[in-house]
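Common to both upcoming complexes is subunit A, partnered first by subunit B, then by subunit C.
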Partner chain A sequence: MKVCLFCACMGTLSSTLPEAALREALPDVRLIAADRLCDAASCRKVLESLSDPLPPHARVVVAACSRGARGAQALACLKETFPLFAVDLADIREACAWPSAGADQRERVAQAAALIRMAFARLERSRAERVEPESADGALVIGGGPAGMAAASTLAGLGVPVTLAERRPAPGGMLNQLGRLFPRMENAADVKASLPLDGVELLAGSDVIAVRRENGAWLAEIRDAKGVTPRRFGAVIVAVGAQPVLPGGKFGSGSLKGVISQMELDTLLSAVERGAKTPDKLPSRAVFIQCVNARDDAAPYCSNVCCPTAVKNALRLKALSPDASVTVLNRQMVMPGVALEAMYRNAMREGVRFLHVDDMNDVRVEGDGTVQAVRLPASPDGAIETLDADCVVCSTPLRPTPAAARLAESMGLRADGMGFLLGHEPAHPLESDGEGTFLCGSARWPAFVRQAEDQGRAAAVMAARYLRERRMPMDEIPEDGPAAFIREARCSGCGRCVDAWAPGACHTAELRNSPLDAQPRRRCGSCAAVCPCGAAVLPGAPSPREIMAALGANPSPQRRLA
Partner chain B sequence: MLSSPHLSPEQLSPRTVLVVGGGVAGMQAALSLAALGTPVLLAERNAHLGGQVMRLDKVYPTDHCAFCPTWSMAKACYDAPNVRVLLHADVTGLSTDGERAFAAIEVRPPAIDPSACLFCGKCESVCGKKALLRRDPRMTWDPALPPSVRVDETRCDGCGACVRACPAQAIDLRREPISLTLPVADVVYATGFEEPAPGDPGYAEEFGAHTHPDVFTAMEFEAWHGESRAQDVLRTRSDGRPVRRVAFVQCAGARDARHLSYCAAVCCMHAMKQARWLKRRQPELEVTLFYTDLRAPGAQQETYMRAGQREGVRLVRSRPGLIKESPLGGVGVRYEDPATGKGVGERFDAVVVNGGLAQCRLPGASDETGSPRPFARCGFCDEPVDVAGAAIQGVAAAAKLALKHHRPEGGAA
Partner chain C sequence: MTQASSQGYICAFACRWCSLLGAERAGRDRLELPAGIRLIPVSCAGSVSADHVIQALTNGAAGVAVLGCHLGGCRHNDANRDAHARLDALGALLETVGIDRRRLLVSWGTAHEAEQYAKLMRDFAALLGSLPPGLEPAPAADGTPEKNPPAGPDSAPEEDAALRDQAAEAVRDGGAVLGLRRTDMGVVPALFRAEEELTDLTAGPKWPMAKLAGLLLRDRALGEVQGVEFRALREEAAALGDVPLRVACRACDARALRELVALRQFPEETLSILPVPCSDARKEACDCPRPQWPGEELPPEPETSGDDLAAKAEFWREQFSRCVQCHWCREACPVCVCPSCSLDNPSLTPLGPQGSPLGYHLSRAMHVADACALCGACQDACPRHLPLLKLHQAAARALRTWRYASGEKRLSPLRAERCIAAASGPAVPQWKHNLGGK
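Moving on to the complex of A and B:
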């Protein structure tokens, strides 16, 4: 039974599209006119006031304004009574009454009637979409650094089964290596303790070799001491982190004693803070060199963490040995935000000297076996300054791990020129191209511990949402046919349908055999849309011929709709 | 869903979380909380969701249009059944009895009730003062949903012709503000930022923003040069001459103990984005960017800056001290030449001053004694972030809150 709820829009629609004329143009439709259907209440009132209530199997079209204006609200009300697939909207205001206000009334009514018939045609063909319940419900977090720990901890707290795979014997990542964290100088160990892994299945010493999409889930090959185990997961969080670049012979590292990396200084400071070493092991005249092997043509990126780390370690050094002199040679101090800028100012107050150098390649480290001095490039007036030094600390950037490249390849994720994994910047930065795959931490790009934690938590929420929504049955109407299939006789094998689909969701081999899709049935229709041969078919979608028939343009319009 | 301004406490579930501010961070927090099963009341001061990002033309580092992703978020908030969107709502304070918080909210309903307006335009045709607007004049496109005509109160003389013409009786020119006190289980602040205006403590008058027509703030400039207002050739706001030279002045009032002591983190990239779009649309323009430290942390951002330099954006590492109208025409900028250390002056046709962005206040974030209340914060009001950072922080705040309420006792989160 076809029912059309016609909204008179307080007279603004009925004045241009008279109800009687519409009724005449749609003889097979039960037309119910209402003063307004703008909100759920008025819509409900109309339905309740009917002397002859609508049968539950009715197909209902609301003829009103556009979905963006008010139409959606009438639809929402109808969906309380009727199944999703049985109600639709015909926009006869913005799409008909307004643009054709000057036209002949008969034409206008015919157009509105065609729009309404078209909506019925859509309903005729539409079926409930069902999302398959998946066999894999759990989430896999790859990498047990601060991002991965926060993600796993959050997922467990939300009640999602979660597995954390960490390559090293214990989780913690950078939290195991760093002593204190900027900007609040809290202990890394305390932060680690604040990320409990209760309820998390921890696979320490396990390397995730590859993750592939298989039958609607991710199949991860996890290697540990005993061998390789395949496991299935519904969602994957990639938190493989990043690793420090080594100074690589620059500024006398490796050849001169006293040239160390920022990481080594961090370790030394932590040892002194713990009391494991005495303060006399600390340098007394330290020169920090920023942007070593960073922001050059080989690594054209700013690593985000090195400037705050340098300021943090300068402050720690000053706190442990107040007489030490610390000079930071920088191209720019990248200390954005409230907390970091305050830390930078604090360092200046504490007597840390910040010197701007345009090109670090002009800086020379001098010494004979041990570091003795650092010579700066000439200033505009030709003066050359030489800094007395017993320690040179090179701040190097972080770069992506080999695991990131391996996962990007097997999972079909995008990476930028440097190898950092790309999400959908800027509105959905943690969502990757892979189905149910989320990114967090320094695998995206170098992040502070606090940022990494936040990203881990956010990725966990997204994964939990994904798993929950994916398994939500939309309607209880069975529809067991294939989602899409290929008419082999027409297929040229060009593969455009495969490219059009989400990566990993569908394989050529399956495309060649109908049914196309043993995968989750997304019924997105992308394959049918790009197929140049008309070989990919999405059952349920009206063909152009059917649409024409619904419009009454075909000589035999009764074919489906009469 | 859109809430009526007359919201009574009985309509709210006792588990409702109040999100203050409907920008990217607030919307993401609300959507995530709702998806995790927590009902949300999203209070937004303006007539639409989307916050400052809705006013942007493009977003870095992708140079994509800012509108679509933000609009789809806003749409999701309007569509979510357990997110109540309360527009025109100012959260004025909070009180708490230990277990729950009571939010004092003042709603200023617009003269035209958006839930009744048919957007038919009859009011527009009868108004002699042209006081009825189809869109917010500050925006290139009005993102209010549902679409509603609005009254420009500066022009309206209250004749009432529109009231009589409206077929839906949606117009009432004498609507009073409504004060609500609503109990909520928890609060998330996502109030974002504002550009300092004259009179604000963050406003630095020596840089001339809001005093000369050719001196723009960053957000004004975004609307002025943006895609949707595309002008073939940029012309000055003062006398309509073609613009040839544009300067961007960074840290004009930011990182300055007298005004805003912190770095707003986004202005360097934002200015470079505007500079690149200027060069892209009008390659012959001379664009200069005065900076203190060019802060572009992150992989794609450094590449973005380098591309800008390649495209001919001139970078000068100097902090101008004075910007004012030049007696020779145009706007004069005085700065110290970094190569020589001498003071020089240059004239520009348009100057964009990035005077820092002031974090919005958090109503009721501390109690009567001044000690802070344990409510979550996300987005710019917590720590300066860009769009991506705000989106992440919004979801992360929702995660923390969800864990807090999942594990009421002994939870380490």
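Moving on to the complex of A and C:
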């Protein structure tokens, strides 16, 4: 049964497209006119006020404004009542009533009728394109840091079967090592507790050696104490994080007592904050050196977490021991955002001294067994300043983990020159090249803990949606995310679709049906457009019936196989 | 404004990421547009196939507009460039059968370009109004098939002798040769294993060897015989096991077999060709458009003669009115390998008295455009002797713009234009499309 809900748009549409004329042009359609359908309430009101309610098998077309205006809302409301494949939208305002306002009314009505018939033809098509649901595999989150925990926790909350693989004996990652988090100085332990892993299959002490694409799913080789187990997953979230670079002998680190890394200072501050150590263990004259082993030839990038970390620890030190002096030698403080800027200014107010140094290699740390002073490079007037110091803290950047390189190779992910994993920048940064693979946290680029968590949540939502789409019959796929599929019975294995998909595959691919989902996703429909067999199908691509409807034909209902 | 009645319908396929939004904005801005426009949302211009355009144009649409995102702005890895290549080749084909290629508009725009969209569509409608009426659909023919013409000159004895010498070498090495055997009833395809059998081997008249060889080699790759065509011979070939098989065939068949490799029907290393050169008499009888072997340099394409669309339209109208829609052209084609054909959709090719064969022939020419070896098997198989090779030649000529020719190892521009050097392709129209130009 064809039903058309016609939105009069408070007279805007009914003045140019009279209801009676439309009714005449669509004799086989039950036309229900409403004053407006632009929100859920008015939509529901129209449906409830019908004396003869719509049967559940009805095909419903909303004839209203464009999706970008209010059409999407009307559709969303109808989808609460009807199956997704039974509802579509015909834009008769932006595509007909308004631009054709000057045209002859007969032609305008014919145009509107054609647009409505085209929408019905689309509904026919999506029914024809229904395929068997694929096997529902769960999601694998690799890495149990803040990003991975947030991703796993979110996925579990969404009801997706999720497995979290963490290399260390317990999840937490950086949250286990840090005491407090900038800029709000929350306790890392509290943040960790806010990411419950209820419902998550936790594989602690398990290393993911390789993940390969096989038969439409990801096959992960997971190694734990007992050996290597292969497991299949539908989606993979890579959250392997990054690791801090060590000072590596710079500024007397390792040979001079009192030269420590920012991470060691963090641990010391946490111990004092917990009361495990007394405040007299804290340095009284600390000099922080920024950009140690960063922005140099080996690591030519700013890791963007070290400056906020230094300011955070300077503030913590000042809070615990107000008489301590803290000097931060920096090339430039990188403190993006309002909150970090406020923290930076707060640190200056608290008496933290920020000194600009052009080249950290000119800084000399002096001492005999223990640190005694830090000699700064000569200022332009030749004066040499020497800072008294009992502690030198080296701020080092984050660098990619070896796991990232290993996974990138086995999964076919792209990495940048430094080894951080690349998504589809700039529009879809958390989606990777691989089918159903998502990136989050510092594996992409050094991220703050809070950023990593947010990215983890976002990646989880995308992965959940991806799995849902795969699991659903094709006609329930949201219209903005159709994925192509192959009807194997019609496929000749010619590989035109694969050529259109991934050009390098030409003349090399194997004989029979090349798996489309092993190729980077394009979802453009080129595969369907070049397929002469009608085997490759992109749900949502124009169908012959829709074109016939556009040309004024009234296609008869499609024959259905029993 | 009453443009729609005089100019018919315009099917506008608009990419939902850019152009559709621009079109919707034009409506929101109350820009006046012809009422004949039928806006069809697509997920990307790349999903618009030649079949869609042909279907619209042969079923009464005055024009088709394919509107995508700006080049470089495609959300789907430059799929709009692919669409452009496909539709450019289609334009050349439309021209050949007398449909003005300006009836197909390919243009790029984006969400804020409502004014540009409106101007484009108004100009397009005005242009369509100024064009003479398009090709009237030819009525479907009925009646008895005409008698087939003779197969052309047979091979000279010295040609057969030269071929036998080469075949003997292959057979002595323990291989088998697929060739033609001369019998009292004419020539039939056969497998030759022993030297003494070779006395019957002949170059013969023209024979569609590529179709058969393609099936044999595909059986080898699959390890089983699928289908019923040439069943006995294919089973005999399957019994050979892994014995190397050489195919005695002409240049056109060799091209078709090379294309079957590109279409992944069998691996390249199983293809071995025993070349059968064509005599001048043979070339003349075939009116051969491309006697060159794969790898040989192609002569420059001759200029297409005349722009008289009306005459072309009349010629093809007359030709297609004789088509009985038996689809033998498809069955005979060596590169038509699909187990099912998308043209079997009754919406696309309605059969019976109402159905026009034009859409079917255009679509088929586009399906095989980059794989067509110009062997002429389709036209030889046609019971009504339609000059189908002319259609395929037009499509092949269009692809030469990309320096693409079938049988050569090149990436087809119809499948992945974006990865072919932009410099070798034709100039790509930007959104200010020049409607007057060709």
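By our rule, the second predicted complex is superposed on the first by the 340 of 562 C-alpha atoms of A that agree within 3 Å, B and C clash if a C-alpha of one lies under 4 Å from a C-alpha of the other, contacts with A are read in each partner's own complex, and residues count from 1 in each chain.
Here is the rule we go by: a contact is a pair of C-beta atoms (placed from the backbone, for glycine too) under 8 Å apart; a residue touches a chain by one contact, two chains touch by 3 or more.
This structure is a prediction, so every number in the text was calculated from the model and none was measured.
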item	value
Contacts of A:L22 with subunit B and subunit C, given as first, second, both or neither	neither
Touched partner set for A:Q111, first subunit B, second subunit C, both or neither	second
Which superposed partner A:A69 touches (first subunit B, second subunit C, both, neither)	both
Touched partner set for A:P429, first subunit B, second subunit C, both or neither	first
Partner chain in contact with A:A101 - subunit B first, subunit C second, else both or neither	second
First, second, both or neither for A:V334, with subunit B first and subunit C second	first
First (subunit B), second (subunit C), both or neither touched by A:D91	second
Partner chain in contact with A:D454 - subunit B first, subunit C second, else both or neither	first
Contact residues common to both interfaces of subunit A (with subunit B and with subunit C)	68-69, 427
Partner subunit B, residues of subunit A touching it in the complex	9-12, 36, 38-39, 65, 68-70, 72, 153-154, 157-159, 193-194, 196, 295, 300-304, 332-342, 345, 356, 380, 416-418, 420, 425-430, 445-446, 451, 453-455, 457-458, 460-462, 464-465, 468-469
Touch list for subunit A against partner subunit C, complex	66, 68-69, 91, 93-104, 107-108, 110-111, 114-115, 118, 427, 480, 482, 489-496, 499-500, 503-504, 506-507, 509-512, 514, 520, 522-526, 528-535, 538, 540-548, 550-553, 555
Subunit B residues within the subunit A interface of the complex	24, 32, 35-36, 59-62, 64, 69-70, 73, 79, 115-116, 118-120, 122, 145-147, 167-168, 255, 261-265, 293-303, 306, 317, 339-341, 359, 383-389, 391-396, 398-400, 402-403, 406-407, 411-413
Complex contact set, residues of subunit C against subunit A	1-5, 9, 11, 13, 16, 21, 23-28, 30-40, 42-44, 46-52, 55-56, 59-61, 74-77, 79, 82-83, 86, 118, 221-222, 261-267, 336-342, 344-345, 347-348, 367-368, 409, 411-412, 414-416, 418-419
